[in-house]
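The block underneath contains the structure these notes are about, expressed in C-alpha cells.
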Amino acid sequence: MTVAEWLSVGALALGAAFFFTGTVGLLRFPGTFARLHALTKADNLGLGCVALGLALQADSAWVAAKLALVWGVALVAATVSAHLIARYTLRERGGTGRAPP
Amino acid sequence: MMAAAYGLLPLAALLTAVATAAIVFALGDARRRQRTFWNLFGAGTKLALVLLMAHGVLQGHTLEVAWPALPGATLRLVADPLALLFAVLSSLLWLITTVYAIAYLEGSGQRARFFGFFSLCVAATFGVALAGNPFTFFCFYELLTLATYPLVVHRGHSAALAAGRTYLGYTLGGGAALLAGTAALYVAVGEQPFTPGGMPAVAEWADRAPVAATAVLALLLGGVAVKAALFPLQGWLPAAMVAPAPVSALLHAVAVVKAGAFGVVRIIEDTYGYALAAELHVTPVLSALAAVTIVYGSVRALAQAELKRRLAFSTVSQVSFITLGVAAGSQLALIGGLAHLVHQGLMKITLFFCAGNYAETLGEHRIDALNGAGRRMPVTSAAFTVAALGMMGAPPLAGFISKWYLGIGALAQGQGWVIGVLVASTLLNAAYFLPILRRLWLLPATRDWPARAGRAEAHRGLLDPVLLTATAVLLAGLLAATPLSPLGWAARIVEQGYPGL
Amino acid sequence: MAAGGALSLPLAFLLPLLTALVVFLLGARRAPWLPGIGALATVAAVADAVRHVAAHGPQAYHLGGWMPPLGVELYADGLAALMLAMTAAVGLAVTAYAGPYLHDGHHHQEAERFWPLWLVQWAALNGTFLAADLFNLYIMLELVTLTAVPLVAITGDRASLGAAMRYLLLALLASLAYLLGVALLYGGTGTLHLRQVGELVGAGGPAAVAAALITAGLLLKGAIFPLHTWLVPAHSNAPAPASAVLSALVVQAGVYLVLRLWLWTFPALLSPAVGWLLGGLGAASVLYGSLQALRQSRLKPVIAYSTVAQLGYPLLLLPLAAVPAAAAQAWQGAAYYIVAHGLAKAGAFLAAGNIRYSLGHDRLAGLRGIAPELSVSVLALGLAFVSLMGLPPTAGFLAKWQLLSGALGGGQWPWAAVIVLGGLLAAGYGLRVLAMALAAAPSDEPVRRPPQRLPRRMVAVPLLLALAVYLLGVSAVPALRLLEQGAPEALG
Amino acid sequence: MIDRAFDLLLIGGMLGLAVQVVASRALFRSVVLFIALGLLMAVVWARLAAPDLALAEAAIGAGLTGALLLAAYRALQPAGEAGDAEPAALPRRWALVAAVLSGALVAAIGWAVLGLEPPAASAGREALARLGESGVKSPITAVLLSFRAVDTLAEVVVLFAAFLGARVVAEPLGRAGPGPRPDPAGGEPVLMPLLLRVTVPMGVLVAGYLLWSGGHQPGGAFQAGAVLAALGVLLRLTGRLQPVAETSPAERLALVGGIVLFSAIGLAGAGMASAVLAYPEGWAYTLILLIETGLTLAIALPLTLLFSGSAGLRWRGR
Amino acid sequence: MTQAGLYTLAASALAGIGVYGLIVRRHLLRRILALNLLGNAVFLLLVALARRHPGYVDPVPHAMVLTGIVVAVSATALALVLARRYYAETGLRHLPEDEG
C-alpha cells in the first residue's frame, strides 16, 4: 500500500470513529443542546475525514473536488439545521430567539 | 313489390303502436286534444294494417319480417292465421277501449303516462300474437308484463302498489321460468320457427332425452300458465283488478290472460306438437288443471261481493276453456278453444266496460248496491245482460258456440268428463251472473243516484264502446257459420294447420 | 420500425388528455365549449378505431415504433373496441350532462375542477382498454384511481370524504398487489407484453402467485364480492356525472381486465377449480349486491348495489370458458353485459341525479307523488332498470340470454340458476324504486315544494342513454361480429 | 464475504425499521423512522446497481414524501394535544388474521421468487442491445423516453392528476400545507438568508446538471425535478414563496406545458417519424432533452404545490 | 444464496410487514405509511430481480421503479391531503369500521 492509501485508511477510520462517538453522544447526552453539540461536531468532522479519505483514493482531482463540495454543502446544511433546532428549543424555553443570551 | 310491402306490414303495425306510445309520452299531460287524436289515429291505423294483413293472408301472401337479434336467435314476426286471430281481436278491442278510456279517464291525472303504456301494451300483445319463434314470443311476453305494470299501479295508492307487487311477483316469476325453458329449448334444438304440429327437431330431441324435454315443456307451460291464470297461479288476476276499468277490460280480460292462453297454444301445438305433448304425459295434467281452474274460478266468483272481483274470477274460469280446448286434443275442441279466445274477449270486455260504467256513473262497485240499476242505465245493463248470458253459454250467443265445440270435441276424443266440467261451469256461471241480472232488472232501486250533468245513462264515450262489443257478442254467435266469424276463422286455422289432430 | 395499426389508437388516449390539459390551461369558464369539442374528437377517434377493427381485424399500434417486448403496444381487438365505444358513448353523455349540471351557479369551483379530472380519466380509461403492456396498465390504473377519488370527494361533505378515503386506500392496495404480480411476471418472462407473457409464463408456481396477486388487485378495483365494500359509499355520495362514470366505466375497467388477463395472459392457469372460484365470486356478487339493493332506503345506494351485482355477471364467463359447448355464447354474453351495464348504469345514475337535483334528496319514500316535471327522468330511470333486470327488449336481456344459453349449453346449471335468480332480484329492487315513483303522493302531505327546474339537456341525456340500451337490444349482431375480431380461439 | 455481511446488515436495518414503523407506539416515531427507511432504501438502490433510483429515492421517496408526511402529521394533531391519540387498536383476533394473511403473502412471494428462473431474453437485454438506436447513452433514459415513453408521459399525468385531485379535496388555504410557521413574529433565523443564498443557486445548478447528464449517466428529469421541488419546499417553508388560492397562467403553463410538449412531439412522430412517440432520425437526443426540460418543471411544480397545499405560489422575497 | 435472492426475500418480508400494518393499524397516516412500505417492497423486488441476469443489469425494472416512485409520491400526496381534509371535517383520524 502506498502512503496515500495508508493515509486514506487512517482518515476513514478516524471519520468512522467520529461518527460513532457522535452517535453515542446523540443517544446518551442529556438535553437538546448537548445532543446537538455531539451530533454536529462529530458528524461534520466525521464526514470531513471520510471525504478526505475518499479523496485520497480518487482517480482525478475532479472527483476529489466533488467530494470537497459534498462536505462543504453538508457543513452548511448541518450548521443551519443545528441553528434552527437550537433556536426553536431556546424559544420553547422562553428565550427571545433573536440572539443567544 | 307488392309482396315486399306485405312483408313489412307486421313491422309497420308493431311500430304504429310503439310510435303512438312515443308520441303520447312526448306530448305530456297538458295537450289533451292532440293526445286524443294520436291515440285514435294510432289505434285506427293499427286496426287497418291488421285487417290488411288478414286480407293478405287470405290472398295467400307470406307476411313475415325477421332480423337477427343474436347469433342463433332471431326476432321474427309472422302473420299466420292463428296469429291474426289474436292480432285482429287485440287491435279491434284496442280501438274500442281507447275510445272508452279517453272518456273514462277524463279529468284524472297522469294520462300521458297511462296512454303511453297502454299503447305499449298493445304493441306487446301484437308481438306476442305474431311471434314466429319462441325467442320472439318470450321477448314480447315479458314486454307485456312490464308495460302493464304502470297501468296496474296507475292510481298510485297503497292498494294499487300492493296489487302491483303481487302482479309482478307472479308474472316475473313466470317470466323467469319461461326464460329458462326457452333458453334450454334453444340450447337443445337451436332456433326453430313455430311449426303447426310441432317442431321436428323437438320431436327428435324428445326421443333422445325425454326427461329433459318434459322438464323444458313444464318450464315453458309454467311460464305461460301464470298469465293464463291457470290454477294455482291465478292469484294475481283478482289483485290486478285495482287498476282502472279500461285496464281491467282490455288487459286483464283480454290481452294479458290471452297472451298466456295463446302461449299454451303455441307451445303445445306449434312447438312440441300435441302428439308429443301427450306422449310426454303433459296434456292430461294440463286438462286436469284447466278443469280445476274452471270450477275453482267459478266457485270463487260466487263469493265475491264486488262486481269487478267477481268478473275477475270469472275470467280465471273462462280463460281455462282455451287451455282445455288445446289439451283435449281434437280438432273440434281446438276450434272451440280458439273461438273462445275471441268470444271470451268480446264478452268479458263488455262486462268490464259495464262495471266501469256503473262505477263511473253511479259510483257503485258492489253488486248488492246495483239494485234497480237496469232502469236507471238501460243500455249499459242490456249490454251487460247479453254478455253475461253469453258467458253462461246461452244460445245463440258467442259463449254457447265455443262451449258447444269444446263439448263435442272432447266427446270425440272420448273425454266425457269434459261435458261434466262444462255443465258445472254453466251452472256456476248462472249462479253468479243471474243474481246480478235479477238485481239490475227486477229489484227496486234502494238508492237515489243523482244524475250527472243531466244524464241518467253513462257518457257517450263510455256507452258506445259497450254497445259495439255487446253487438259483437251477439253477431259472433249469430253469424258463427260464416267463414270470417271468429269460429269460421278458428276452423280455418285448425283445418289448415292441424289436420293431423 | 413501424407503428402497425391505426393512428386512432394513440389518439383515443391523447385527444382527451390534450383536451384536459388545454382546459386546465385556459380555465373551464373561459372555454366552456372546449370539453365538448374534445369529447367529439375523442368519439371520432374511437369511431375510427372501431371501424378499423371491424374492417381489418385487431389493430396493434407500436408506440415509438418499438416492437414488444422493448416497446409498449396499444392493442385493439373486438373486445377493446367494444369497451372503447361504450366508453365513448358514456363519455359523450356525461360530458353533455355535466355542462349544465356544473354551470348552474352552485358548482362554479367544481366545474373548474371537474373537467380536467374527467377528461384525464377518459384518456386513462381508453388507455386501460388499449394497453397491451402490463406496466403501462399499472400506470393507467393508477391514473384512473387518482382521478376517480377526487370525483368521489368533489362535493366535500363528510360522507363523500370518508368514502373517497376508503376508496383511495383500497385502490392503492389493489394497484400495489397488481404491480407485485407484474414484477413476478417480468422476473419470470422478461417481457411485459400481455400476450407474450401468456406465451412464456406457463402454469408453474410463480405464475400462479402472480396471477393470484394480480387478480386480487383487479377484483378489488372491480368491486367484486367480498372486496366490494368501498363501492357503495363512494358511488352513492358522488355527484351524478361522477357516479355515472365510476359505476359505468371505472369499476368495469377492473372487471374487463380480469377477463382480459385470464383469457389472454393466464389461460394456462384457468383450471376448472380456478374458474369455479372466480365464477363463484361473481355469483356471490350478483346475489349479495341484489339482496343489499333490496334493502336500501335511498335511490343512489340502490343503483350502487346494483353495480356490485351487475359486475358479477361477466365473471361467470371464467368457469364457462373452458367448457367448449358453453364458451362462445358465454363470451359474447359477458362482453355484451359490460356494454349493456355501462350504458344502462350511466343512464340510471344520471336520471337519479336529475331526481336528486330537482328534489334535493333521493330517499325512496320521498319519491311518492313525484312531480310531472320529472316524469322523463323517471322514465329514463325505469328504462335503464329494465336493462339491468335483463328483460327484453334491452341489451341487458340479450347479454343475459347469451350467458344463460352458455351456462345451459355447458350443462352448468348452478350458473344458470344464478343468472335467472339475479334477474328476478334485480326486478325486485328496480320495481321497488319505480313503484315509489309511480305512486301517488300521500294525501295528508302538504303541497310539495316545486322542484328545481331541470335544464333540458340534463333531461335528455339520461333518456338517450337509456334508449341506446334499447337500440342495442334490437340486435346484438353488429357488436358481436365486432367482438369476434381477435377473440381467443376457444371462444371464437 | 464482507459484501454479504453488508447486504445482510442493510436488509436487517431495513426490515427492522419497517417493523418499527408499523409497531411503534408513537406515530411521530413511525413517521421519522419511515423517512430513515427511505434513506436506507437509497443505499439499497445504490447497492443493487441502481444509482438513478438512489438519487430519486433520496430526493423524492425520502425527502419530499418525508416533508409531506411531517406536515400531515402536524395537521392531524389536535390542538393542545401532546401525545398521539390513536384510534383503538383492532381486537386481537384481527391481528392474528392479519398476521396469518401477511405471513401467507410472505411465504407465497418468497416461494415464487425462489422458484423464478431468470429468462433467457428480456426487454432490458434488448434495450441494452439497441441502446444506439435510441439517441441517448443512458439505458434508463432510453427506456423512459424512447422505448417506453408512453409510461413516462402517463406518469407525469399521474402527478398532474394528483395535483388536480388535491385541489378538489384540499383544506382552506390557511390550514393547508405545512401550516403557519411556528414563530411568525420572531423574525427569521439569522442563518436562513445565508442558507438560501447558498442553496438556491446551487440547487438550480444541480438540477440543470442532473437534467443534462441524464442523457448519458444517472440523472434526468425526475431527479432534476425532485431537486427543484425540494428547493420549492425550502422556499415555501422559509416564506419566500407564499401560498395563494389561484394558479397563475405561468404556473398553469409550467404544470402542463411539459406534458403538452411531450404529447405534441409524440404526435408529430406519427408524421415526421415512424409512429406516435417516435423521434425523427437524428433528432432524438435534442428532442429528448427538450422534453426532459419541460418535464422537469412538470414534476417540480406539482410536487411543490402538493406540499404547499395551495393552488399557486407567489414570490415574496425579503 | 445470491445477492439478488437475498433482496428478493427481503422484499417479500417487507411486503408482509406492509400488509400487516395496513390491516392492524387504523390511523390514516399509519395506513398510508404501510402502503408506502408495500410500495417499497414492490420496488425492491423489481430491482432485485433485475440484478439476477448474468452479465448485465436490466434497465427496464429500474425505469419502472423510477416511474413507480413518482406515482407513489403522487398517490401519497393525494392520500395525505384527503386524510387532512377528512380529519378537518369529521375530527376522525381513522375510518369507521361499520361502513360498507
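So that you can tell them apart, the chains are marked A, B, C, D and E in the order they are listed, and the count of residues begins at 1 in each.
The rule we apply is simple: a contact is a pair of C-beta atoms (placed from the backbone, for glycine too) under 8 Å apart; a residue touches a chain by one contact, two chains touch by 3 or more.
Please read all numbers here as calculations on a predicted model, not as lab measurements.
Grouping the chains by touch while chain C is set aside gives A, D, E | B.
The minimum number of touch steps separating chain B from chain D is 2. Of the two chain pairs considered here, C-D and B-C, the higher C-beta contact count falls to C-D.
At the far end from chain E, in terms of centres built from Cα atoms, lies B. The chain closest to the protein's centre is C, with centres computed as averages of CA atoms. Summarising the inter-chain layout, the chain whose CA centre lies farthest from the centre of chain D is B.
If you average the Cα atoms of chain A and of chain C, the two centres end up 57 Å apart. The mean-CA centres of chain D and chain E are about 13 angstrom from one another, to the nearest whole unit.
Centre-to-centre separation of chain C and chain E, using mean CA positions: 27 Å.
Averaging C-alpha coordinates per chain places the centre of chain A 98 Å away from that of chain B. Counting partners per residue, chain A has no residue that reaches two or more other chains.
Shown for chain D are the residues that touch two or more other chains, namely 109, 113, 116, 118, 122-125, 127, 148, 151, 155, 158, 161-162, 165-166, 169. In chain E, 15, 28, 32, 45, 49, 52, 58, 60-61, 64, 67, 71, 74-75, 78, 82-83, 85, 92 are the positions where the chain touches two or more neighbouring chains simultaneously.
Contacting chain pairs in the structure are A-D, B-C, C-D, C-E, D-E. Taken in their complex, chain D has these residues touching chain C: 108-109, 111-113, 115-127, 130, 146-151, 154-155, 157-158, 160-162, 164-169, 252-253, 255-256, 259-260, 263, 266-267, 269-270, 273-279. Those residues of chain B whose C-beta lies close enough to touch chain C in the complex are 25, 28-29, 67-73, 75, 110, 112-113, 135, 138-140, 142-143, 145-146, 149-150, 153-157, 160-161, 164-165, 168, 172-173, 175-176, 179-180, 183-184, 186-187. Contact residues on chain C toward chain B in their complex (touch as defined above): 329, 332, 368-369, 372, 375, 379, 386, 391-393, 397-398, 401-402, 404-405, 408-409, 416, 420-421, 423-424, 427, 431, 434-435, 438-440, 473-477, 480. Chain E makes touch with chain D in their complex at residues 3, 5-21, 23-30, 32-34, 36-37, 40, 43-45, 47-54, 56-67, 69-78, 80-85, 87-88, 91-94.
For chain D in complex with chain A, the residues that touch the partner chain are 182-183, 186-187, 189-192, 194-195, 198-199, 202.
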